[in-house]
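Across the two complexes that follow, subunit A remains constant while its partner is subunit B and subsequently subunit C.
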Partner chain A sequence: MINTIIAMVRKELIDAARDKRSVMAGLYYAIGAPLMMCGMFMLLIGQITSPEALNITITHGERAPDLVKFLASDDISQGDKADRKEIELIISQDYASNMAKSRAAELTLIADNSNEKLQSSIRRIEKSLQQYSAEMGSLRLIARGIDPKVVQPIKVTIEDQATSDSKGGMILGIAIFMMVYAVFISGMNLAIDTSAGERERNSLALLLSHPVSTRDIVLAKVTAVTIFAMLGLILTLIISKIAYGFVPWQELGFSVNITPDFIGLMLVIGLPIALMAASLQLFVSFMAKSFKEAQSYLTIVLIVPMMLSMAASYNIAPDTLQWLPVSGQMQALIAFIKGKEIPQMQLLLSSATTLAITLALMFGMERSLKSEKIVFGL
Partner chain B sequence: MPQANIMHTASDKERQTQLALWLLLPLAAMLFSLAGHAETDTAPTNDTCYVDGLPDRLRCGFVTVPENYAHPEGRQLNIHYAVLPAIKPSFTKEALLAIAGGPGQSAIENAPTFDRMLSKVRQQRDILLIDQRGTGQSNLLQCEGEGFEGALSLNEDDLDIASETQKCLDGLDADVSQYGSEIALKDFEAVRAHLGYDKLHVYGISYGTRMAQLYMRHYPQVLATVTLDGVVPMQQSVLHIGDAIDRAIGLLLDDCSSNALCHGQFADLEQDLQQVNTRLAQAPVSSQVRDPLTNEPLTLVMTRAKFMGALRMAMYTPNIRALLPHAIHQAAQDNFQAIMGLYALTIDSTGIAAGMHSSVVCGEDWQRFSQVERQQAEQNYFTREMVDAFDLSCPIWNVPAVDAEFSAPITSNIPTLVLSGQLDPATPPSWGEMAMAQLSNAKHFIAPYATHGVAYQSCGNDLIAQLVSNNSLDGLSDDCLSKDVRRNFYLNANTVEALPAAKQALSSTSHTEAQGVNHD
Partner chain C sequence: MIKVANLSKRIGDVQALNDLSFEALDGQITGLLGPNGAGKTTCLRTVFGLLKPDNGTAEIDGIDVAKFPVEAKQQLGLFPDPFGLYERLTPREYVSYFAELNGLPRAQAKAAAASVLNKLHMDDIADRKCKGFSQGQRMKTALAQAIVHEPTNIILDEPTRGLDVMSTRVLRDLLKDLKAAGHCVLFSSHVMQEVAALCDRVIVMAQGKVVAIGSPEQLCQQTGKASLEDAFIELIGTDEGIAA
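Coming up: the complex of A and B.
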């Protein structure tokens, strides 16, 4: 029986390889998605980090030459008009005279705080001004013979338990989501082709007329689709490992590291998901009446695992969700990346559910392939 | 006598800050060094630790070494280290070793300032901080002092340096002859080997540059690059610091007189300084004041030592230096408030391990300070005070002198960046020039507006990051150092901007002119 299955799997793969374009389309995702992610993040990092030399409009700088000098030493200055950010700092008319009498000297900062591209720059200016103010405040106290510590009654010590790897957990949550999704996408075309497609080409009935059991046929088809799904996953992992290394994450203060350990774990956890994805896709495709219909249904069906894994990566899930297939495994992977303990119970249970669903779907397919309605798409 | 080191203002937390500087004075450091030393929570059993002022998780630990390498079975020391882990560890076999100043400062306690300054280097490489033996957590050689509550009311001339030194020595459980630089260097090597780094980039600040130069001399094979910031050349005894301080005071007076606002407000600054000095040299001035911190009433005994000490330490940090013309002018008017405020900063923030400080200076600097140099020093207030103090304390400390080769210039072709601040009151650019004598692959950059610790006050830290990532001096340029970051001086106790009186005068003239026009 094993031999028949192997022979049929080979047949399926050869079949798949014949229609290179449609099958490769699935794998394009595996290659393209991590590359696009990295490209996007590179652009994003460039935009959200404040530029080294920050150019803003300073109105009436002549009223506070020392402040302007201070800002310049922090690389905040007027610079070329063309490069200026839409941030304006206005120095009030009585700035110097208020300053001389220790009254509050007024500055006005005009900017749109909802503009993500400006937020870090605005914060940087605020911090810089705060610093200037604190420095002057301290020196005024010193000039009066008072220790500046007097105005800092509380000292807060922060002990951040994050590591530079766990700080990148949010990004990796998205990355893991893309990887899990690759499992679903990569085998999808083959799944449609080998079920609805085969029926449209009228070769399904021919296959069923051979002296092989429908169970063997189902097993062979699921195996072939799973192989493609895993191939997609491996490709994504390899590409991610290389591409993520090029993104300057350290500028955001963390690192994103795809370690061999993670790759291993991802492959182990990914296999049951790939099996489920394969049987789900085949099941739905067999139910559909035509190739096109199968495509439409699958697109809708794909939303379910996508939602599950999104829920896990954004941590919006209620606790019960972590026991469900896909989201349970995702949470285990995220925990691993953050250096926390893997929730084994949860992982085992969600993997078991995944396999149970797989078996149920395969059984359903085996039954349905015995019905003429399904075989001839009536 | 000169006062201890670090400038620590609330204000400059974020930027250029206090670092660890040189200072020298056995006794003052000893007396005032009390309890104030910041504990870092390092549990040696646990690999993770935190340092005051830095939220990041650090990797900490210690290496056990013999106190005396000639007697490996004798007393053992735990040399503590902390690693600021690279954000993105791309070079796991390399680290940047940052060496603190003093002598006697803890590198680990200075982790927050090192972290800020070296943030670019840390993006890809670990930063290694080691508490040199006798400092911080590595068998701290600290002396019990009277506490600084009394510091303001104390006349330093009344101190019995010899007996204080003896008391300190008796209280230490250590062979103080084993705390010199060359022995400590072996500990550094032991830590490097323990952590498995093949190559080190070394950054030394102030006294740390002496350790860095010794590293170049004894273990050149493990060094990738070296940065010497505020250099103490091997050829030089640190007791020459008095000349550097005088030079810096001269530059301060020049800066004020060439700045229109400052000159307008304090036209006779030099005479003011002279006057205060002469007056305090005759007798201290006592007055009833409030304690800068607790607001308790106390008698301030303003001595020349306090005045000059406050002046000296204020010159380490550019933004505090800005207050000096006002403070000097007020002192000449008999108001020592600002001087007291500046002096108070120096009392409780020394962070210097006085015992280790004495071991280094008595062994490596005091004995090689020749008779000729002593005679010249008679002219210099600071050097005289320091030499007098060490003459009393070093015989008690009784540390053997280093060999003559110790003072030989360093010969090396390791890529070396030498940074000097033009306004440095401790290690002037001429010292950097001296260190360059036999360095064949080195560049000496002078930052025109920096004081001590160029990398903290300018783009010097970017140059270090560039040097470390290129492993070479090629392409390094000092252009960015000459960016004019000079700030105004304080014109009164409140402002650095032009005083309104001057402005009003201006606007009233224009007003009358306008009126004149109207009349016409």
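Coming up: the complex of A and C.
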């Protein structure tokens, strides 16, 4: 019995390896997705972190040389005209005289506040100006013999508890989801080809006419698709490891570091998911009447794991989701990358549900292969 | 030996098999003759356990297919219609794969495949992928698959359909060899010449029922006609759906 299963798995893999469509589907994703993610992260990081030097237009800087110097010490200056952001600081005509008379000296900051890209720059300038203002105020008080602390009744100390790795949960969620999803994408074409495709080519009836039990056939097909899915996952991890090296993570204060430990954990956690993905895809494809029908069904079915993982990375869903397949495992992986403790109970339970669903689907498939309707596509 | 007793099967609104009973003996070529839609393929699929009969049993060498499908099917070779080739495999891989499914160890399966491919004069195409094969080459591959594990019983569904003279001859010679070696050969057809030329016994089917059983000569005598074709028409009572 075990020999026939091995023979079937071997045949499925040879058949699949010669099927350009099946191989390409896995390869495109494994190579394309990490590179696309990499590019996306680079753009994202470039946007949310302000570059070191901030160049703005300072009109009439000669009226407040001290302020301009102060801003320059904060890396805010006119700089090259080409690099300037669309922020203008205008110093009023009576700035110097008001300053000398201890009146409010007027500055005008002109910028489009609705522009997301300028937000952090505007805040940086405002903060810098307030600092300058506070410094000037303190100096004036000291000149009048008053301790500046008098005008600072409250001192707020902010302690940021976020470790550098626990920031950027969204980016982490996307990065890890992309890897988990590899398991679903890589084996999909093979799953359709070996079920709906096999029936379409009339070899399913022939296979069932041979002295092999439907259970063995199901086991062999699930194994073959799982092997393909896991190969896709391994390839995705390798490409990700290389590609993510080029993302300037340090600017975010955390990094998606694909260590050998992480790869090991990912493969262990990924195996039950791959088994479930394989049996789910085979089950759905056997239900479909043709290759094309199976493709359109699967596209819809694949939204489910995507939603589960989204729920995991955005924390929008109730806690019960933590026990569900895919989302539970994703949370464990995110915890691992963040350097937190892996929620073992949760991981065990979600892996168990994953395997339970796999078994149920395989059992369903075994039964459906005994049904005339499914075998002959009636 | 293949024995079918009181088989009935309803597919949708059609009574495909209606209390069908017959035997195909070892060392004989038995032809299942009937017009299109007579239930030939349904009958063969039932023998293979692909369809479950509403009533009746199918036995292979005395083993009930419905009760012990794996054991029963080990005594069977199937030449299906359509062939169901794996286009990305070569005939050598294809044939040895099915030999393995029938319980042969890998090394033995490879040897058996090599010998059957040689026997069918397929050495020149044995290592080419099946994609792009001609109908004759496909037929040979399917045939090699059916006999590679040397089953006692061989079932062929419309084996001569779409074949040229050369391929038909190869097939005919092989069936005669199998018969001489004591195998039980059962094939369905609606081509009179084939049946007349090959069969020891003919089972004439119409509307899911056995109409007559006997050698081609007996059928001619029984109906008082000179040719099997005329006898056939006489037996089924209409000339609908007969390929000359």
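Here are a few things to note about the model shown:
In this text, the second predicted complex is superposed on the first by the 338 of 378 C-alpha atoms of A that agree within 3 Å, B and C clash if a C-alpha of one lies under 4 Å from a C-alpha of the other, contacts with A are read in each partner's own complex, and residues count from 1 in each chain.
Criterion: a contact is a pair of C-beta atoms (placed from the backbone, for glycine too) under 8 Å apart; a residue touches a chain by one contact, two chains touch by 3 or more.
Computed from a predicted model, the values in this text were never measured in an experiment.
Looking at the shared chain after the overlay, A:Trp323 reaches neither subunit B nor subunit C. Legend: residue contacts after superposition of the two complexes on their common chain; A:Leu208 is shown touching subunit C, with no touch to subunit B. Once the two complexes are overlaid on the shared chain, A:Ala96 sits against subunit B while remaining clear of subunit C.
Residues 63-67, 69-70, 72-74, 95-97, 99-102, 127, 131, 134-152, 157-164, 249-251, 253-255, 257 of subunit A are the ones touching subunit B in the complex.
Across the complex, subunit A is touched by residues 9-15, 50, 52-53, 55-57, 85-89, 123-124, 289-290, 292-293, 319-320, 322-323, 326-327, 336-338, 340-342, 344-345, 483-488, 490-500, 503 of subunit B.
By the touch criterion given at the top, residues 3-4, 7-8, 11, 14-15, 18-19, 201-213, 372, 375-376 of subunit A touch subunit C in their complex. In the complex of the two chains, the subunit C residues touching subunit A come out as 45, 48-52, 69-74, 76, 78, 80, 82-89, 93, 97-98, 100-103, 105-106, 109, 129, 145.
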